[in-house]
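In the two complexes that follow, subunit A is the common piece, with subunit B as its partner first and subunit C second.
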Partner chain A sequence: MKELFPIKQVMGFIFSLVLTAVALAVYFFDMSFTAGMTILLVTAFIQAGLQLVMFMHAGESEDKAHIYTNVYYGIFIAIVTILGTLLTMVWGYV
Partner chain B sequence: MEFFERFAIPHPSPAIYASMVAIGLTVIAIIAGLTYFKKWGYLWREWLTTVDHKRIGIMYLISALLMLFRGGADAIMMRAQLSMPENKLLDAQHYNEIFTTHGVVMIMFMAMPFIMALMNFVVPLQIGARDVAFPRLNALSFWLFFMGAMLFNISFVIGGSPDAGWTSYFPLAGTEFSESVGTNYYMIALQIAGIGTLATGINFMTTILKMRAPGMTLMKMPMFTWSAFITNIIIVFAFPVLTVALAMGTLDRLFASNFFTTNNGGMDMLWANLFWVWGHPEVYILVLPAFGIYSEIISTFARRNLYGYKSMVASMVIISLLSFLVWVHHFFTMGQGAFVNSIFSITTMAIAVPTGVKIFNWLFTLWKGKIVITTPMLYSLLFIPLFTIGGVTGVMLGMSAADYQYHNTMFLVAHFHLVIIPGVVFAMLAGLTYYWPKMFGFMLNERLGKLSAWIISISTLVAFIPMFFSGLDGQARRMYTYSEQAGFTMWNMISFVGAAGLAIGFALIVYNIYYSIRYAPRDIGSDPWDARSLEWATHSPVPEYNFAIVPNVDSTEAFWDAKKKGHKLFKGELEKIHMPNNSPIPFIMSSIFFVWGFSFVFAMWIPLIIATIGIFGCMAYQSFEKDHGRYISVEEIKETEEKLGGPTV
Partner chain C sequence: MKIDHSLPLEYSTQENQMKILGFWIFLGAEIMLFATLFASYFVLAPRTGSGPAGSSIFELTPVLAETILLLTSSFTIGLAIHAMRLGRTKPMLVFFGITLILGLAFLGVEIYEFNHYIHVGAALQTSAFTSILLTTLGTHGAHVTFGLVWGLFIMIQIKKNGLTPQTANKSFIFSLYWHFLDVVWIFIFSFIYLKGMM
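Right, the complex of A and B next:
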């Protein structure tokens, strides 16, 4: 019985509920924009990672290497695009 | 009557009315012809509902050629207008509309489907697969592209063409300065076609990763398949940016949001930024498959294996990363500081290194090769010097300080045409000639083919080299006329002659197709070029299941090994083959998408809602449909193989 119980998935599910609750706190508690945004960004990325790895089984098939390469590539491009845009449009704009 | 007033053209001319009549007559002629020859059933069964990657490839090809002539007609009109000072052929508004549609049609609806055509046709054959990973999604991709293209093309007779340039920069493209529905067409047609392209990207990534023949590791894939793989990765990561930017632009235009406006916290330059975040990778989406085609052709007709396979692959991987790091070089003059411009200048220079590696690999492949000059090879050889002119001037433009002189002049126009025409168009024409016998079972005439290659190459130089000079003299792009005192007359007249030459060259290609259909011999076998990779190991034309027995691969040139080194390509016995069924869903869903887009353009909300429900209805139907495909029996395979002339190797 113990082997059949999906303890990992249940823990993951509880953890994702906790993350959702923490994100919701931003709405209910009075805090600065920066603090709220930081909480939202951090919980959002942990949540996305959790969903991808645990519930979408990213690391469980023989395509593990392909999937993670794609994910890292995507993260790299997203970061470059966002930081590059900020650099061009805000920080480096004279 | 009031309802119909919105469909009127805001800026009509006799030419547009003539086009309306011509379009009407063509539609009637097509319908009458199909009815008279009783071809409706054939069209529906064999083409509109097909999921066969080869037929989808051919449909992409036909669309690309049609759009080439539409974009070409735009180009001729522009060059004719500019050939003389103070010319009255077109007025400012028409000129704006024509350069806009020329750009969009040539990039999105000519170059893109052309590479899609070759990828669709060639990649599954090169990797020894029976079809792509998701055949029905592939059909949906094509029909979404096709409906997007048609939606864009009717703009000039219903409601007015877009006129804010193919880059459609805000605030010019906003409702304040572009009141007509033209820019709505731009936003929504590109959105629909873009969804199709994104689906193709996912489809081909999966196909190449999961459906290769036994023994074909990633490093044993032919170079065109590698280039297609890298291209599709770039598509998957770049196109979502366009999707989002277009959605934001649509919201701005139709729902009065403020993403790209100049007030209320909007940022008009953000459009330019997002457009080029997609736009620069798009350049590599176009040129990498072209490089793949050149690699195949050069190695085939130098009769040598490709020099530096690993460095070819590495350079493409590096290009795919660097292509996302250079986009700001499209707007060095926008106002960001020297620090930012320097960063993007350096990344721009860096991308010349992997490109240079590829050029040298081709040259080393030619070195000591036994070169056979055929039409595809002639295009590939002419590509190298012409592309170098475009590339070197690109490095000039990439220096951000110097770019302040060149920005928005004809110098830039000359540069990107001399990159795209040799880089993409020559490759596509070479690929068309090279794969024609595989697609249709006969070859295009070599003499006419070589003649058109020369005419097109020389005309490209005549048309675009003068623009370097007039651009340095200060002729701005997108200017509809100029005075005689400006001194641009001679350069523009030479340019017009070149454009006319290009028209003759392309007309000659059409004549060549007609001539070859009538007179070319049909008994050319399955390998007329003495080629090296798997697509030539099956019959021409290719049977629907591609290979009777799945080939067995142990090098990058499996077919060459089979011919020359006694490698056994087809091991084992015939077995029944599992194939996907045809489906009308992609065509129907895309047609509803056309209605959806058209309603969206004119902000007709009720048809829009109905069409949206229709789209979701199609998806729901598709989800619950139980279709397990069908089997082709061994007897049927034997019969087909017998008819096509028995084993090929």
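Right, the complex of A and C next:
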């Protein structure tokens, strides 16, 4: 039974619950928009990295370099899309 | 077909390795798909027109329930893959089944939530905000729904054929998909719900 619950994954799961609890701080405590967004950005990206490396085994095969290149590319385009949109449509040149 | 026994079953043939790499490329495209939805959401979120704003319709309890259900299901599919690598078909199927049940529960809560939104006057056509909100949540929910059907069929195949290079490969790819949906949810939870209720 014990071998079915590897300590690494159990710890990962507990850590992801802790990150969720930390993110909840922005709901329960009064804080500035900047402070809140900083907490959310940090917890969300750690959480995503945790899933990617620990649960999705992104680095275990010989295609490791291809997989990471592809994921980084996807994330790069995602960030450019989101920040570019915010820059032109929200933050703007007003 | 050449089977390399030094590798886990899901990687054991050249074709299997290519399928896993191919699926990662698909996930890269999915990251970009959700990025466009988030970009639109951030632009349209303040445009509530005569409809309600996020802060007045979001409820913490169902959102937190969805988050914990999905996080736990992501953990159990990880355990299923771990059991698969130990060659333990039965525990693997149990974990796989738990994952799908948690996914179904997630979907149940999401349906309740959508029903609540429509009830309080936040339907798809109410405002730019409600449109992009329901489109983003709905795209994620549609992925979960598809995953439930896909996962069920993989379970049936494992039941019929046991763990083979093919079924192990399909299971592993399904686990990638499921973890990815959890990652997307984390961003929805943080940047749509918590940001909206801040």
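Basically, the second predicted complex is superposed on the first by the 85 of 94 C-alpha atoms of A that agree within 3 Å, B and C clash if a C-alpha of one lies under 4 Å from a C-alpha of the other, contacts with A are read in each partner's own complex, and residues count from 1 in each chain.
Keep in mind that, in the parts below, a contact is a pair of C-beta atoms (placed from the backbone, for glycine too) under 8 Å apart; a residue touches a chain by one contact, two chains touch by 3 or more.
In this text the structure is predicted, and so the values were computed from the model without any measurement.
Enquirer: Subunit A superposed: clash or fit between subunit B and subunit C?
Expert: After superposition on subunit A, subunit B vs subunit C: clash.
Enquirer: Now for A:52: first (subunit B), second (subunit C), both, or neither, which partner does it touch?
Expert: Touch status of A:52: second partner only.
Enquirer: For subunit A, which side has the bigger count of touched residues, subunit B or subunit C?
Expert: C
Enquirer: Does subunit B (first) or subunit C (second) touch A:36, or do both, or does neither?
Expert: second
Enquirer: Counting only touches as set out at the top, which of subunit B and subunit C does A:87 meet: first, second, both, neither?
Expert: first
Enquirer: Identify the partner contact of A:6: answer first if only subunit B is touched, second if only subunit C is, both if each is, neither if none is.
Expert: Touch partner of A:6: subunit C, not subunit B.
Enquirer: Residue overlap on subunit A between the subunit B contact set and the subunit C contact set?
Expert: In subunit A, positions 63, 66, 70, 73-74, 77, 81, 84-85, 89 sit in both the subunit B and subunit C interfaces.
Enquirer: Applying the document's contact rule, which stretches of subunit A touch subunit C when the two form their complex?
Expert: 3-6, 9, 12-13, 16-17, 20, 23-24, 26-27, 31, 33, 36-37, 40-41, 43-44, 47-48, 51-52, 54-56, 58, 61-63, 66-67, 70-71, 73-75, 77-79, 81-82, 84-86, 89-90
Enquirer: Mind pulling up the subunit B residues that touch subunit A in the complex?
Expert: Contact set of subunit B toward subunit A: 209, 233, 237, 241, 267, 269-270, 273-274, 277, 321, 324-325, 327-328, 335-337, 339-340, 343.
Enquirer: Can you name the residues of subunit A that touch subunit B in the complex?
Expert: 63, 66, 70, 73-74, 76-77, 80-81, 84-85, 87-89, 92-94
Enquirer: Under the touch definition given earlier, write down the residues of subunit C that touch subunit A in their complex.
Expert: Residues in contact with subunit A: 11, 17, 20-21, 24-25, 27-32, 34-36, 38-40, 42-43, 60, 64, 67-68, 71-72, 74-75, 77-79, 82-83, 86, 88, 91, 95, 175-176, 179-180, 182-183, 186-187, 189-191, 194-195, 197-198.
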